[in-house]
Every structure is written in structure tokens, then in C-alpha cells.
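These are the structures, in C-alpha cells.
In the two complexes that follow, chain A is the common piece, with chain B as its partner first and chain C second.
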Partner chain A sequence: MNRREFTQAMLAAGAAIPFGITRAAGQTRGGTLNTIIQPEPPLLVTAFNQQQPTLTLGGKIYESLLKYGDDLKPMPGMAQSWEISPDGLTYTFKLFPNITFHDGKPMTSEDVVFSCMKVLTETHPRARQNFARVASAEAPDPLTVVFKLKQPFAPFLGCFDCTSAPILPKHIYEGTDFRKNPLNDKAIGTGPFKLKEWVRGSHVHLVRHEGYYLKDQPYLDEIIYRIIPDSASRALALENGTVQLAQWTDVEFFDVQRFKAQKNLEVTTKGYEYFAPHQWLEMNNRIAPMNDKRFRQAVMHLIDRDALAKRIYFGNAKVATGPISSKTKFYDGKVKRYDYSIDKAKALLDEMGLKPDANGKRAEIKYVVPPYGESYQRAGEFFRQSFARVGIDLVLVGTDMAGWAEKVGNWDYEMTQNLLYQLGDPALGVSRTYVSSNIKKGILFSNTEGYSNPEVDKLFDEAAVTLDEAKRQELYSKVQAILVEDVPVAWTLELEYPIIYDKAFKNVVSTGIGSHETFGSVYKS
Partner chain B sequence: MDAVRAFLRHPSGMVGLVVLLIVVVVAIIAPIVFPVSPWEMVSAPFTPPGEDGLLLGGDTLGRDVAAGVAYGARVSLVIGIASAMAAMVIGVTIGAISGYFGGKVDLVLMRMTELFQTIPAFVLAILLVATFNPSLLTIILTIGAVSWPPLARLTRAEFLRLRNREFVEAALCQGEGTLRIVLGHILPNAISPILVVTSLTVATAILLESALSFMGLGDPNLMSWGFMIGAGRTVIRNAWWMSVFPGLAILITVLAINLFGEGLSDVLNPRVSRRRS
Partner chain C sequence: MIRLGSAAMIGLMTLSRIAQLIAVILVIATFNFVLVRAAPGDPAQVMAGQSGASDPKLLEDLRKEYGLDKPYAVQLASYLGRVIRLDLGYSYRQRRAVVDLILERLPATLLLTVTAFCLALLIGTTLGALAGLAAGSVLDTVFTVLSLVLYATPVFWLGLMLVLVFSVTLGWLPPFGYETINVKFSPLAHALDIAKHMIMPVTSLAAIYLAIYARLMRSSIIEVAQQDFIKTARAKGLSGPSIVVGHMLRNALVPVVTVAGMQAGALVGGAVVIETVFAWPGLGRLTFDALLQRDYPVLLGIFLILSIVVIVLNLLTDLIYKLIDPRMTTGAA
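Right after this comes the complex of A and B.
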């Protein structure tokens, strides 16, 4: 992103920040937005499924109390204001008046309490962790929600985006088997758009929710999500204007450059700040030689991560310096840097006694290739060549989705690649990979590499319950320094997915949630 | 020797043989011409053919396409020949037992063969490879396992034809063992059509392996033509050379094997060769 684009994006974000209700000049009602959804989501209820396509589509249908700017600061969602008690235990949210569900029934604080404490704690793995910290949730009046925490939890205010805490109608779900509720097909939420029809294998048609609580919003009449499984067809549809918006992996990395040259399209990497996809080469710390810190440091030295970003992700990535993404709060870049140096890698391997044998071979390591598409396959090939330069044979093992989840979740792997979202706060998205309390066999995206360091545990735990931002920064800076020295996993890149849209549409990227956002303020000029 | 002389006079068969020999030579000398591994990223990504010292260009990671095509020849030939052999061993064994013994054995074995014939070979191959992690050995065995039915039926037909001939009955009268009769008397007389079909099986095996690799189900540690096409397919609009050259390699090799096989068939089939001379 150059400076001009950055300024533009900042201006676009700025226009949306003041409650999303101030009208910038020229916001007109009407218009259809055609976009892409792939793969086709299994259902639209974001409380029950958190795969990316479900969230992108469901984000328009289900809202939550807050939104988050590209600086990850909370902004009003369905809550117009909020208060935190000085002891950090009581959170009081005031809702906007006149919020209605798509079936016309009013949305009240009862629905919020029911959704967070009854539904999400059962169906949403991430939300379950967050709301498990709540001692009691109350609805003293229809527009007030009060959460009382068991102990302070600094990122609690970061748990209310539309992907982590979608609000469902109590009158439909109370007393039913949530996942089997027949009205799940109707996807009734409070968002600016409601489901009109879903033709399987073809498209999902959303239309404006007339009873939306923000004046004049949504500006668009309808959004049509077209299901286009083939990547070349998706690129073509965007190129000839059949669709006007593409997000996440809709457009392959190598095609992004091509769209930057197309005049009517805007290509931005903003709108992923909340997720900040962070990628690494995961090493099973339980198995030799990966159990030796020097080996893992050598891995950091022997991967040319600039070349990785350039060759596999075509520049749509930034070299990661440590466990926390530079786009996330409490990032500290003043840590030990591992430059690309075969000599340093060899020296470390020699030092730990992993010397080459007569054939120049030091070790053979199995690398499970994640079955998530081409870039993972290419990255595996890239790593194999990198390791070969110091005499380590990386044997690529192919597998399917279930096989990968099974192997990694049950620690039955030596090396693989992994990608996790940072979720706006290290206590939500980062600590889960490193604290020993999260070494849980069978659970994916936990501390699967098996790194354990009491000092790190202590720092992460303390930072999660500390409310003072400066103090938290200090703790996170300390933990980053330790982790970068220990290299539990070899951080490679911060991926920068693009959002590509027709310039006729404004406010497309207005928050750090990007394409999962409600799109109530998107308009066509 | 007559057969060899006849083959030398067979124009299309000879073309096939010569091209095939060229492919074999390329496969053999690949490590000498391209001492650097075909996986090594030797240039900038998307290097067009002829630039940067890369005759056939570089792929998305900057790997030499020419080196890939040369090393791919090794993989394709090894897998093609080995899995055709595997198919031959399975097919001939089943066909021979079925044709020689007849009766209930024949019934059971042929119903089983038909069962395999009704399942589309490629679908079964995908299933098998995905079940047993893809590696050189599992791919060879898989392709062998889906390619044997035509060989089994052919062998059975040949055995049925030869089983009641006088020379077999003579051998029986002399008290020769079953194995000796089958291997020493019937099989040598049935071998010509089996060889022809086996040679054609090599071609289909190469195609099957390419298709599997294209789908990402090849051995991830082997550079093969199908893999190269699969990897280059997505960027075909920006960089045609990544998929076209390995595609041509497959086309030429498979065509050569088919020409060779047909030539072999013409020469070994007595009726056709008599007509020729």
C-alpha cells in the first residue's frame, strides 16, 4: 500500500467512525451490490458456524454490541454507549432504541443476555471462553445489559464484534435445540440486511431490513452473494464487473497485481486488522531435534522470509517479527531479529551437535502439508528447498482436511504450517498458542506445538487481567522478547488479504472487521 | 528375428520407438544436464522462456521448467513402466487361473474382474491414493490395481483358446505339472497380445499418474509432469509456459508409446504381418 492509498483508506474509515450515522455528502439510497461467496457456507447462523464464508455472509444478518475500528478501538454497534466500573468487573451497555429482528419483533437486552450466556456458551468455541469469565449477566431494563466478571479481563470489551458475539432472537431459540431449530434456515437477526432467498449452488440474496434502527441505513437495496467455485471464473467476474467486490481468498494472490492496474477497482489490504492473519512454521517442541531451542532458532535463520513473501504471496504479506502481529495492539518490534543466514543456521546446528553425516545430511523431518490450497503446497516446497541448503531433508506428507486436523490436534506431526487470527488482542488471539494451560490434546488452534514456559504463562496471565494499558504493554513486550528468543514456532508472515471493490461503492472497508462487517453504511455513488 | 526386422520396417512404430528412446535418454541424463534439483528456485518467479538462461522459463517460484520436464520424464517412465508391470502381474495371474481352470473359479474371478471394470478407474485411483498417503510405491500399486482388468480378460481369452490345443493335451499326457504347462506351454503362446496391451497400459498409466498429480495427489516429493501442469494451471493466463511444456511432454510420450504399441501389435499379430509381407 502506498501513501496515497493509505490516506484514502484512512479517510474512508474516518467517515464511518462517528457512530456510522453522520451522513457524509452524497450518500444515496438504492443500488445492488454483487459479490462472491466461496466456498458455499453450510449455514448462515454465525453463532453456530465460524468459517470465513459464514461470517462474511452472516455478518450482514447478525449484529453485535460493538464494532472495531482499524485501530481496534471499540465503536458503537447495537450498543450506543458503555461503561466500565473502576475495578474492571462490571460492564454496562446501553442499547440503541427501536432495534428489531427481521421477523418484526423488538430486540431487547433480554436477547443479548440469552444469546451470550445461553446460546454462545454452548455453540461458539471462542465466545465460550470469553463468557465463561462472566459471573452474571443481567437485563435491568430493555435497553441496558450488565455483565459482571469473575475477575478483571482486559480484552472483554474486544469480545463483542459480529463474529464473536452475534445476537439471536430469544423468542425463537429459547427452550429449543439451538442447532436443530427449523428457523435456522430463515437466519433471523437484527442486521441491516435480511435473507430473501438462498439458491444452493447459485447465490444468496439479501435485501434491506426496513426496520433497521439507524436512520436511512442500510443505503443499499440488496446484496447478492454469488457462489463461484473456480478461482479463474471469480477473477473474470470481477474483471468484467459481474461482481463488484471480492474478499479473503476470492482472488488468488498472483491475480491481485492485475487488479491494481484496473482503473475502476480499488485494491486495499485494510479491513483485516481485527483478524491480522499470522502465519508460522509449526514445530512439535516435544520431538528431537525440534525440542532444542538452537534448532528452532536455526529454522528462523534458514528461511528467506522476504523471498517467501515475494514468491508465494506475491508481495501480499509482511515478514513477521514475533508472536504478535504488527497490526495488533501491544506489538513490540524491538525484539531479536533473525536475518536470513545459512551460515548462522549451520553454526547453531553444529553447536547443538546436529552435524552432517557423510552425505551431508543432518536430519530428516516430516512436514505435513496443510490441505488448504495451492499457496500452502507451494510454501511447503519452499521450506523443503530452504532446509535442503543446510542438509535437512524435509519430507512433504500430503493429507486431507480431516487428516491434517487429526494429526496436528493430536500432536502426531513433526512440522507443519499454521495460520491463526489475532482477534484484536493478544489475550484473545495470541496467548492461546503459547500458554501451557492451553496444551489440550485433540483441540486444534490450541498450544499444539507443546511449548511450555512458566515465565511466559505468568506474563500472559497477568497481562490478561491487568487493566492499565501501559502496564499491559510492558508485560507483552517482556513476553515477546522471551518468545522470540525461544522460538516455539517459526513465525513467517503476516498475510495481507486483499479486499477488491468497484470504486462506485463507498464505505466498503470502514472498520477493522472489513468484509465481515454489516455493510449498513455502504452506499453506491 | 523376423519380428524385429518387420518392426524396423514399420514406419509409425519406428517413429514411436525413436521418440520413446529420446524420452528415455532425457530421463537418464537429466541429473547431468540439470545438476541442480528441479525444486531449486533458480530465477525470479514467472521468468519467460529463453530469459535468464532458462530455456523453457521459470515457474511461479522461479524453478526451472526445463529441469522439471527432464526430471518429470524419470517419474513418468518409472511409474508408467512399474505400474504397467504390476497390472500385468495381477492381470495375467488372474486371467491365467480363470482361463485354465474354468468352471467355478472362472466364474468367481470374472465376476470380480467385472466389478473392478464397472468402477471408473480414475475415481478408484483417487480413493486408493487418498487412503494410503501418496508416495511413489502407493501410486504404482494403485495404478496397477486399477489397470489390470483388460489384461485379465485378454489373458483368459487366450488361455481358453489354447487350453484344449493338442500340444497342451500332449503335455498333460506326459504328466507335466500344472505350473509347468501354464508357464512353459500356454503363456509363451499367449504372450504377444499381452505384451501389446501392456505397452499400451504404460501410456494410460502415465496419463493416470499425471491426472493424480494434477489433482495434487501425486508424491509431493517428486517433480512430475502432472504436478507441473496442476501448479501452473491457475496462472495459465499470465504464464502459459508453466503448463504447456509439461503438457507437450505428456502428449509426445503417450503418443510415442501408442505408436510403438500399435507397431508391436502389427508385427506380432501373425495375420496382419502376413498381409503386410
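Right after this comes the complex of A and C.
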């Protein structure tokens, strides 16, 4: 970070203080928000489980130091301001005063240090990697936290959202087996809502945390998350007003269109900027013919990605141009484009010697259909038809979540579809798929395709520790150009999940974290 | 003397049945264990898979915690040891005692399935008997066609159609759930509220059972009506109703009881589809979720309890036979 950006960060921090604690006109207190949670989370402590429903629910209960706007710039969370030393090694956070846990005990800098350095490094894979870069964390006074890094890490300020660094009470967890702590059932955090009741299989009932530190917040009295396993029933619940908010995959893509026509509902695709779900056709680079770059380039040409976005995802998606999402920092759209062209695909396949036999068949490839619902099944069918046009027989293999995880994690697949969150910065959510140091058998969401390029490794590594944003952009532009040429995976779409809510509710989407956000500022008009 | 002998025989038989029962349960437990592990997938990887992030430490920690790092034989031995001590273990995913999880879901499931089962049995056999007695009549044709349609209707579709009509269009019934959430009720109002939530799931679930029992009862009645003893009863000058109630129904019920006894086991297992469509917090959904998660302790716990229920129900079915058909008590042909 250079001086100019440092000043900007400070200004942003300063400007944001009143943002958090004043109340704009018209914000009334009271009201119940009924919404959906699916599938039912196994527990609510986001430090121990990072499944999407856990994060949606836990985001109301557990907070972190920062939030991120739709432009991914940091905003105050429990930290009202922050400072970065010019060498990029020391991060000092000032906490809001009077923050309390749901059991009434005060939350101090000690809890932050304990959570980040003791708990999360033990239980949270993403946080473990982030905080492994910290040389020391200190709490010089109850409202100040100081992290000293071993070496500069450009996106460190991006590691403090409620899903990446939830803060837990030290007085409950210190000296215990964290995952087995009996108070995990109580889910004690500092968020604007606390757990009142969890009737398994039915609903989770959150009520206002009266001791919340921001004046008047939360505005809502309560939030009820209803567990509705069937997608048709969920759509119905939204339609008839039983629930007033649906997020992520609560509603199938093919149902979204009709909600746009329903007058009392607002449909938005904002609120996913931090996650920026990026989807691709994954090819095992270890196996022929996928080990040939020309084959992978042919795959980019033979899929009509516009049609995929329109027909399978009903327009709730944008064609991806490369490894970095257009919503993520350092995206570069000026890369080689692969237009939809069967002829170009055939030419590339011919060139590499993968010629059709007497029956017009070039190859047979097994495609493991990810078990994530109807859209993935349909996408599989779409790919099968696309590959058939160039004489490649795609055999769809069905499996369940456990089977898919095992096959992909252990590299026991030829092709599949995959999706990863970008987490606001290429160093957090993109490089993990391409750097060779992350080729780890048995580990999902690592470099499972097995792509290895020393130059790409070097560029990603350098960009992660470079503080100058312009220099980072240069490095990431270079790496995007190389990857788009090499096509380790065939990027298909940037998915745009909807958030659908009753217009009576305001501020539902206020940051780039969307529905994982605390909802302290959500109110009913 | 003869009576005492047969009492001793029954005692001995009961003892040997109980011994058999324990052996069967252990065999079933072993079989369940092997079967569940035969499916591909690793619970630690599933958990990582759904978290969108993973690393070697997480997998290692989880496998160690679950005891999955030990050899199969050791895991099986420790599992059987726990079964004998009636300890079903802890859920990997929810980190709670399996017994608690099952007991928490069992009441909702039993309420749903037992109600549906009783209604289906009562209405199904009545309709079937009426159709059978009036075989070939218009009434019979109507009942037969109706039961065929019900039998062929997919349960989830029927459920969704009911919701569409009674919740969306008419607004009479709640579309899903077990009770109205977040409202304080008097006990009576609460019971009524649950009853209201039950109407559609029970109807959807009962429909298919009803069709089965109706069809079975109809053919059974027609068959019994042609037996010699019915002719004898008629020749003796017994009245129509007393022949139907005293002779035909009792005999015709035997195959229905057999089928019902076999199906009753499934009642405890819950109705996965109906529980899903109506967001009913029952055991069926717990089973389904546990299967997807490879939550072995929960799966094994449910399977074991189901097996025991099936075995016990088979015993009960045997007893009911003896009640409705005295020939089976003496073993006389």
C-alpha cells in the first residue's frame, strides 16, 4: 500500500465512523423477518463450520472487525478505525467501546487476539492460512489490537469479514476443546441477534441482542430462519409471504424470473461481490487428452457460454473471461477471448491429432455431475450436447456430495464442474486453484486439476506480497494473460445468485457480503 | 397336562425368539456397518466440501475425532461393543448424541405416519370390503378406478397439488411445517394448530397406503366369498351381516395384516418425500441428510432402531394373526 492509498484507507475509516452509529430518518424499530435456511446447518458457530447456511445464520450472531462494501473497500465492523504502517507489516485496529457478548460479558481486544490466533488457526482452514502470516498479535489496551506480519501480505485487510474471522468469547473457550465445548449450542457472539431457540428440522429463532453497541440497532425484533428442504415449497413460501427473504440457492434459477414480476418483491444480484462465485468446467490436466493445451482451448471454443448463461441459468450469470471475476479486484478483461466456434474447436483438435474415427467419434470422456441441484444437472446435459458437436462423447456420471468430494479431491475424475468464491482478492480466492504449491491430494478446492507453471507460481506469489496496487495490477494482468492462454480449467460463468426480499424491508443488502451480513441495520418500513 | 405343556412350549419358544433376536440384531448391526462403509465418500471430505475450503489439517483433525483413522476391524469392534451397551454414539456433523437426535425427530414422524397408516387401514379396508362385496357393480368400478389412480399418483406431486389448491388458491391450510412458529397457544389450540398442519401431509401419505389396502381387501373378500365355509354359513341360515362380519372379514383381513405388518416398519423410518415437501421435522429427513453427509453414527443408529422395530412388529403381526385366525394358535391345518 502506498502513501496515497494509506491516506485513503484512513479517510475511509474516519468517514465510516458516523455511518455505523447514527440513525437515518425513517428507520423504525420492531418487526419480524421470516426467511429460509437450507440445508439445515449442523451448528451455528462459524469458527467451526463454514458451510454457507452456517455463515448466513452465524453472520447475525458472530461479528468480525470489518465489513466490505460492494466495491470491496473495508468498512467498520467491530473496529471503528484501523491503521496500517507504511511498511505494510503492522495493522492496528481500534474497537468500538461497549461491545458485549450475548452472555453480557464485555468483548475486548483480548477476545480478538484469542479468536484469531488460538481458535481460528486451529479450526478454520481459510483463517489458518491468513493468520499463519502473523508474527505476533497483541492487545495493548482493551480497545486496541495490533497484528504484526512476518512479511507484507497485500490482502490482509480483506481477511476480517464475519465469515473469515468471527470473534468468539475467550472466557468461554480458553483452555477447552473448542469443537466440543458444551456452550457451542448456545452460540454466544457479539452480533446484533442472539439465539433464542433452535427446533431441529423446523426453525431457528433469533432475537435482538439488547446490549448491542450500535445505537438503536438492531432495528428488527427477531429473525426466524425456517428450514424448508424442498425448493418448490421454498418458492411457494416466498410467493405467499410466509417468508420475506430468500438468498443464495433458496430459489432455483428457473424460478427467479417469476419473482421479478411479483410487485411486493425486490430481486437483486447485489450482495455477492465479496464471494463472486466463479464457475468452470474442470479438466484433469494429468490425463490425455486434457493434458494438451490445445484440447483445453478447444473446450473454450466449443461451449456456447452465452447460451449456457441464458438457457441453464436464465440470465442469472455473466460469461467469465478468465480466472478472475469481473467483480474481484485486479480483474483484467483485456485478455484473449475464446468465441463460440465449433470450427475453431475442431481445427485445434485436428491439429493435436485427436481426429474422428469412422463413426465421427474423437474421444469419450467421463464427466462427474456435481450434486448441487437441478442447474448442475442441466449444465451437464448442455456440455454433453456441446461436446457431441465436435465428436466427443461426454458420459455423465451421477454421484452424491460425498462421492463427488472423494473423486475430485483424490483426482479420480476426468471432467467435472467446479465453483469457488473469490473472497475479494486474487491472493485469497483465486491463486489457490492454480499455484503448484497447492496441488494436494485428498484436499478439495486446492489445485485439483493439477496445473503447474513456475511462471504463474512466481507471479501469484509476488503479487500477494506486493503492496503497490498498480504493481499488483500489472502482475495479475500478466498472470491472467498466461492462464487464459493455458486454460488450466475452462471458465464458464460468473454466477449471480439472487437475493429476493419483500420491499417492506430496507437495507437488506448493504455490503458486498450480502445475506451473510449482520442485518443490524435492516428495518421494516 | 396338554395345556401346561403348550404353555411351557410357548415359554421356551419365547426365550429362543429373544436369543434369536439378539443374534439377528448383532448380525444386522455388522451388516449395516459394512454396507454404510461400502458407499464411496468420506465424512471429513464432505464437511470440507460444503465449507468451500479445506486443508490437510482439517481433514486429519476430523478423521481423528471421528476415529476414522483406525483400521476398519477396530472401528467395527468398537461399534459392536457400543451397540451391546446400547450406546449409539455421537453425530459427526451435529456433534450431539444420536439417541437425542432420533428421539427429537421420532414424535413428529410417528404422529404423521401412524395417523396416515391408521386412516389408510381403516378407510382402505372398508372401501375395499364394500367394493369386494359388490364386485362388478358401479360402486366397485368407481372404487377400483379411484384406488388405481391413487396408487399411481406420485406422492410429492399430490402433496404439491394439495398445497397449490388448499394453501395458495384457497388459503385454508398452512403450506408446510409442523406448527405455527412464534405464537403462544393454549394446549388445545396448539393441538388444533398441529392437526391443521397435518391434514395435507397425512392425506398425501395415506393416499398410497389406502389404495394398497383397498385393492388387497377387495380381492381378498372376493376370494373368501367363494370359499366353502361361507356357503356352509349361508346354508346354516346365518344373516348376511353376520356372515360378512363374523366369517368373511376376519378371514379376508389375514393378507392385509401381513402387508400392513411389513409396511409398519417403514412408518418409523418416516416418509422422506412427504417430510421434505412439507418441511416436516421427522426422522425421514434426518436419515436422508445423514446419508448425504455420510454421518455414519446417525445412519447406523437409525438403521439399528428400524431393524429392531421391524423385528418386534413381525412378532406382533404373528400375535395378531392368532387373534383374527384361531387356526394359527393350535397349528391345526
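Details
The working rule: the second predicted complex is superposed on the first by the 507 of 525 C-alpha atoms of A that agree within 3 Å, B and C clash if a C-alpha of one lies under 4 Å from a C-alpha of the other, contacts with A are read in each partner's own complex, and residues count from 1 in each chain.
The rule we apply is simple: contacts are C-beta pairs under 8 Å (C-beta built on N, C-alpha and C of every residue); 3 or more make two chains touch, one makes a residue touch a chain.
What you see is a predicted model; the values in this text were computed from it and never measured.
Once the two complexes are overlaid on the shared chain, A:Ala232 sits against chain B and chain C alike. Look at A:Gln385: by the touch rule set out above, it reaches chain B but stays clear of chain C.
By the touch criterion stated above, A:Ile312 is placed in contact with chain B alone, chain C being left untouched.
In the superposed pair of complexes, A:Gly201 makes contact with chain C only, with no contact to chain B.
Contact with neither chain B nor chain C is seen for A:Pro97 once the two complexes are overlaid on the shared chain.
Measured by the number of chain A residues touched, the leading partner among chain B and chain C is C. By the touch criterion defined above, A:Gln377 reaches chain B but does not reach chain C.
In the superposed model, A:Val397 lies in contact with chain B only, and not with chain C. Touch criterion met: A:Leu420 reaches chain C, while chain B stays clear of it. Across the superposed pair, chain B and chain C both touch chain A at residues 232, 399-400. Per the touch definition, chain A reaches chain C in the complex via residues 32, 39-40, 42-43, 49-52, 125-126, 128-129, 179-180, 184, 199-203, 205, 222, 224, 226-230, 232-233, 236-237, 239-240, 242, 399-407, 409, 420-421, 440, 442-446. Chain C meets chain A in the complex at residues 39-43, 45-59, 65, 93-95, 101, 104-105, 108, 156, 160, 163, 167-168, 175-179, 181-182, 275-282, 285-286, 289, 291-294.
Contact residues of chain B toward chain A in the complex are 37, 39-41, 45, 60-62, 130, 133-134, 216-217, 220-221, 231, 234-235, 237-238. Chain A meets chain B in the complex at residues 231-232, 252, 254, 258, 307, 310-312, 314, 369, 374, 377-378, 380-382, 384-385, 388, 395-400.
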